[in-house]
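Read through the structure below, which is laid out as structure tokens, and then see the notes.
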Amino acid sequence: MNKKFMAILVPVVSVLIALAISTIIIILIGKNPIDAYGALIKGSFGSKQAIADTVIKTTPLILTGLAVGFGFRAGVFNIGAEGQMVMGALIAATFASNFGFLPPLIAIPLTILIAMSVGAGYAAIAGFLKAKTGAHEVVTTIMLNWIATYFASYMVTGPLKVGSGTPKSPEIADSAQLPILMKVGAIEMSAGIIIAIIAAIFMYILLNKTTTGYEIKAVGFNPYAAEYGGISVSKNIVLAMAISGALAGLAGATELMGVHHRFLGELSGGKGFDGISIALIGQNNPIGIIFAAFLIGALRTGSNEMQFIGVPKHMVMIIQGIVIFLVAADRIVRTIMIRKRVEK
Amino acid sequence: MRILEAIFLVFINPLFYKITLTAATPLIFASLGGVYSEITGVVNIALEGIMLLGAFTSVLFTWLTGNVWIGVFMAVISGLALAWLHAWGSIKWAGNQVVLGTALILIAQGVTGFLMEPIFGKPGQTDFVGKVEELRIPGLADIPFIGKVFGELSPFVYMAFAAVAFSWWLIYKTRLGLRMRSVGENPEAADTLGINVYGIRYFGVLMSGVWAGLAGAYLSVGEVGHFRELMSGGRGFIALAAMILGNYNPVGAMLASLLFGASSAFANQMQSSSLIHVSATVKPLFDMIPFVLTIIVVAGFVGKSHVPKADGVPYEKEA
Amino acid sequence: MKKVFVVLLAMLFVVSAFSFKAIMVTDTGGLGDKSFNDGTWAGIVRAAKELGVESKVIQSYEQADYISNLSKAAEEVQKEPDGGIVYAVGFMMTDALFQVAQQYPDVYFAGIDIAPPTENVPPNVVTFLFKEQESAFLVGYVAAATTRVGKVGFIGGIPIPPVERFRYGFETGVKVYNDLHGTNVTIIKGYTNHFSDPKKGKDLALSQFAEGVDIIFHASGACGNGVIEAAKEKMVSLVGSEDLSKIIEYAFENGGIFAMGVDVDQDYMAPGVVLASAMKGVDTASYMGVMWAYNGEWEPGVHVLGLAEDGVRMSPMKYTKGLVSNRTLAELEYLVTLIKEGTLVIPDTEESLNSFRTPKIEFPF
Amino acid sequence: MYAVEMVNIVKKFPGVLANDHVTIRVKKGEIHAIVGENGAGKSTLMNQLYGLYHPDEGEIFINGEKVTIRGPKDAIKNGIGMVHQHFMLVDTLTVAENVVLGSEPVKGLNFDMKKARQDVKDLSEKYGLFVDVDAKIEDIPVGMQQRVEIIKTLYRGANIIILDEPTAVLTPQEVEELFEIMRKLKDSGKTILFISHKLHEVMEISDRITVMRLGKVTGELETSKTNPKEIARHMVGREVVLRVTKEPHEPKEVVFEIKDLVVKDNRGLTAVNGISFNVRKGEIVGIAGVAGNGQTELVEAITGLRKIESGNIYFEGKDVTGFNPKQLRELGMAHIPEDRLKHGLIKEFEAYYNVILGQHYKYPFSNGTFLYHDNIFNYTKDLMEEFDVRPRKIDHLGGNFSGGNQQKLVVGREIKTNPKFLVVAQPTRGLDVGAIEFIHKQILKMRSLDAGILLISMELEEIFSLSDRILVMYEGEIMGEVKPEETTIEEVGLMMTGHRFEEVRRG
């Protein structure tokens, strides 16, 4: 069967299998699966509001997916997108609350730039340690995640805290907020999605059309051959981590500038980890990542509607887990499909 | 100077050592699980999920039967079940092991959260269901200092150290251990000698389920006697780090876990010190100590560890 | 089978007969926190049952869900001919609540633990805040009166406002006791940085016990279960038995190791070991909100519930009352009156805590 | 009575018919050679005998009895042992552990290390196979690793021993030792299957020969009744020139020089110990030596891949010590690496990305930021044409080419940069005769274009037929310099085992 066709088919069939399994679970808890999936679809695409919501959820997932996927292409496993996202958004929020004097044309790019640089720098720590001392990036990025979480928690309950309510940073200046594309009720869909798509295109061009991408891929595939070819392995590991971190930082920026407009205690909500599965469902391909993020985003959005008919929020985690499992062990799906074909 | 005094007081306090032990125990179990899986060549980042499921099942069965040890046993069984899924996906179907691991974490989080309401009738957390009694060793408790540390400890702590000793023996002194190590380094070579590569890898992964399941049981019925959603709190990932830091060796993993336990006990103790006066909002920063310390150790003192050569690479026969 | 069907049909009919809905949106902590989410839900369910209306809950997965879930709930309520009420639970939802409420002026909104960010609250919104400091003041006073070592501990989750208000109250309670009785009870404070890791709470509690405290008050969600467990472990080890009467007997003679609970009456979690709990009547508030909305007795604005409003209180100390002297109990009762009267104001910010001076209090006995 | 009979074996791989009704009969107690070019299907056949692959058709008889070999376990049970071309050893385990792995002695629950060591010692003494039982595999030389492999088969009681290209990594003296061992094994009644493509070795050691070509048996010969020419004809299907002819060519000025070079290996031990030599334009300097005597480290140091401890490197008189690979390439150095899959090629890259490695940042392949894909594609097409790379698909992945074509890609890439100085390491390892011929011609062409060439090879024949001067390396030092026409294989062989030129000449 056609390779590209399979690459698309496997995730689709995986989703179908996952839905089949969750159907059984839904029946077991005494709910009607048709109602449940009806709610799921209604909740994710059923109205303008639902669509806006899905897009809002998809945006940061595309970016963390790109971040992790980019790392994979370069042979580094960036589990730290979570921390990079938090740090990027946190520092950007600190600056952007004072950007009132700047016009949007400057304030927006500047805020994005800060978040991306901070994300890049934070990731580069792990890249640098890997390149210089061989410290495993999985270990260092996990540690950096915790450090970021605690640091952020400290910042919003301490130095940055405003008001007596939620631990939160001051609101960023209006001029640093992303323009709103669509407003349905209280739901504001910002231009973040455009940024995310631009980032995907950027990643595609970087990886496929530039010498930097060439070098990063070479290092990822075969560091020995890369070094032999005059490509600095340590420089490219740091660079790859930094770019990956910049994308994660950008995810923080879109959340900050397009959704919350300030830094809140638990801003990332595990999106950095979601990035891992999204990158892999999307086969580390920028286009694939957009679709994978959209899939997860829609599932998440729809799951809230599912709660109305009594299916708990955990259902969507189970569905997501099964989908990822099947995409990872894609041969299960392939084998099932080949058997089906043979039977026919 | 006050800080130095406070640090000094921490180190001469026997309870600091006791807390170190109890904080390290789940990490020892879980990192041991990592060792078993990874020396046979299967990356297992699902430890976090296995722990969580183990914590859940042990509480569930303790609640159902009233016997904590049945709970602990069932935690092991549930650990085996989840680990089997990992083995099945990564060994039989040659799936991407890291992704399978993240999938299983999600599934474990989803399933435990999902089942709370139908089983216990309320979401989020259970009531106290019972706990493994602490072990009192007569006489030991009377010895100064030592008695304060070891006089009264959860049997899990001793089990953890026994597990390390057992694992060291198994991995370095038995035929099975030799085969495990060979399969993780060069599965093809092992295969040509008639060793069942898949079988050994299944064993390694399943054992990681046993240990991580115990780690989970310790967290719930071993320590606090109830289950709370997401109560594993990222310890599976820390255990992963401890395993790498400990160079994929049971003893090394134990030492790394102890280092981690000590630094978090230290962080707690410093937070609680009456000698240090800081405002309440600064206190969260103390919790960064273990993580910063780990990075320094990983980068500065350990550097490259010997990763089993075939770790993470599915083994596939060519024909 | 047929019968069941008929009953089901009847239920369906009954449900649809009342076209009023109460929908609650949780924060990411979700149900099962034994705190504001659970409390709110309990109150809503109670009210819904009494009124025979439908109640629903949406649990939020992440922060970005707040606005959309509240909107969803509002849309759902809007469909009902008789309307309904949407609950936003937890201070994290502050911004989301006010954004959404503006969009749906014909839907009632209620916020729990939410302080309005601006002065003017829209007419369709009520929010409930609690004077956590008042109940914490009482447990602090009890702690200071009960400690035998002159050292007590406080363990918070993440230093968010409700947690901090508990701490202010606790510290004030100890301070007032010291000033009135010339004692010098000190407080060790720590945070778990978490609300859902009981083991972490236990470790931190053990650290505080290692520093020599004998009573710890926690305001740390599920981490607190670990705090209580740590105290229980220590106490049982001292007493040599889990038996309540033995614990009380021992404690009466020698003192012991105690924990103090939060939000709900946690005394039952380790009878004899949990000295008292600083309770917060979230359920009362949510019950009230539904009733107002249903009966059209809506009172928009902020409602701060303290001792006087029965919004907070100290647990009745079902198991441990015998450990506190009658005099102390009498003092507490008197202090409660002073607080209710407004004569004694418990600080609710760091600044007011620092500038707090114990007023002259003459016990009438 | 045949020890092994494989009758009408058919083995298909996706797109390849690896064994096409192959029949082979091996007598008990003989040394039976299986010869053929790379890709002829020799290893595939033997892997089926050892149970690593399963035949699609055909039958196997051991000592006259029909057997089904489902896996190595069955093979071992049937008394078959195999020494693979790529050693199947676990680097981190000791020699003794490697030998007993899979059939370990136990004492109670414990693995009986003591008995394992003793057993291995006994076997090693019995057959004259010297090994250090307690050394880790990663610390011992290749020759010893091979002996470990042979002991492994003996430990399992093998009567039929398959040796897959065993001499590829050995010195002439070691080859002699191996042959000695093989004769000893034969004398003790073992049957040996010996895979090789080196005809003089086959002539020397075997009793009978089966020749294979393109998956089929093309000849069954008695060694005593045949000659290398006949075997070669069966192998290649045409007459072959066994040696390339080298035109005389006058070398010019020195292009490359090293002085007192000291380099350490990965474990921090000195691998290159104070070597000095130079290479002139239009000259091929060959470095002979047994694998693991510092050649790898020397090449890596010269090409900028490894840190230099002390000493200097000069390129056209300029001190280039400590330059990185990129800087050296800029000066006009090219490098055909010894391990094409590790250094030379990126398996996951398409052919067109592989052929620009090292120049990817330069015009015409890019402007430093963006790649010019049209230029890259055209260049690749030309290169594939010029160097006869098959299949001629520029978007074929590097890993999907056959070994010979991979090497052609690498050689083509390096030669097309028009280097002034070319480092060539093991250029023909694992290639078939046709490819070897082609690559040798290319190297000689570079020489005629006045490039200086440093050739490192373990194949003495290659060194002799290509080099203008030969340096012999042993334990990180140069044992001596000779001219190919003024020396013999034996002389060089002696130097390869640690005898200095002066000693050798003194006799």
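Letters are used for the chains, namely A, B, C and D, taken in the order the chains are written, and counting of residues starts over at 1 for each.
What we mean here is this: a contact is a pair of C-beta atoms (placed from the backbone, for glycine too) under 8 Å apart; a residue touches a chain by one contact, two chains touch by 3 or more.
Here the structure is a predicted model, which means the values were calculated and not measured.
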item: Touching subunit A and also subunit C, the following chains; value: B
item: Farthest chain relative to subunit A (centres taken as mean CA coordinates); value: D
item: Pair with more cross-chain C-beta pairs in contact, given A-D and B-C; value: B-C
item: Intercentroid distance (Cα basis), subunit D paired with subunit C, Å; value: 75
item: Distance from the mean Cα position of subunit D to that of subunit A, given in whole angstrom; value: 47
item: Where subunit B and subunit C are represented by their mean Cα positions, the distance between them in whole Å; value: 34
item: Distance between the centres, which are taken as Cα means, of subunit D and subunit B, whole angstrom; value: 45
item: Multi-chain contact sites of subunit C, meaning residues that touch two or more partners; value: 30, 59, 158-159, 193
item: Per-residue multi-chain contacts in subunit B, two or more chains; value: 123, 281, 284, 287
item: Residues of subunit D touching at least two other chains; value: none
item: Chain pairs in mutual contact under the definition given at the outset; value: A-B, A-C, A-D, B-C, B-D
item: Complex contacts: residues of subunit A adjacent to subunit D; value: 209-212, 214-215, 217-218, 221-222, 224-232
item: Touching residues (chain side subunit C, partner subunit A) in the complex; value: 28, 30, 56-65, 67-72, 74-76, 91-92, 94-96, 99-100, 102-104, 114-115, 117, 158-161, 193, 349
item: Contact footprint of subunit C on subunit A as seen in their complex; value: 43, 49, 53, 56-57, 150, 153, 157, 163-167, 185-187, 255, 259-260, 264-267, 269-271, 300-301, 303-305, 307-308, 312-313, 316
item: Residue ranges of subunit B touching subunit D (in the complex, touch as defined); value: 173-175, 177-179, 181-182, 185-186, 188-195, 306, 309, 317-319
item: Complex contact set, residues of subunit D against subunit B; value: 11, 13, 50, 52-54, 71-73, 76, 82, 84, 87-93, 97-98, 101-104, 106, 109-111, 152
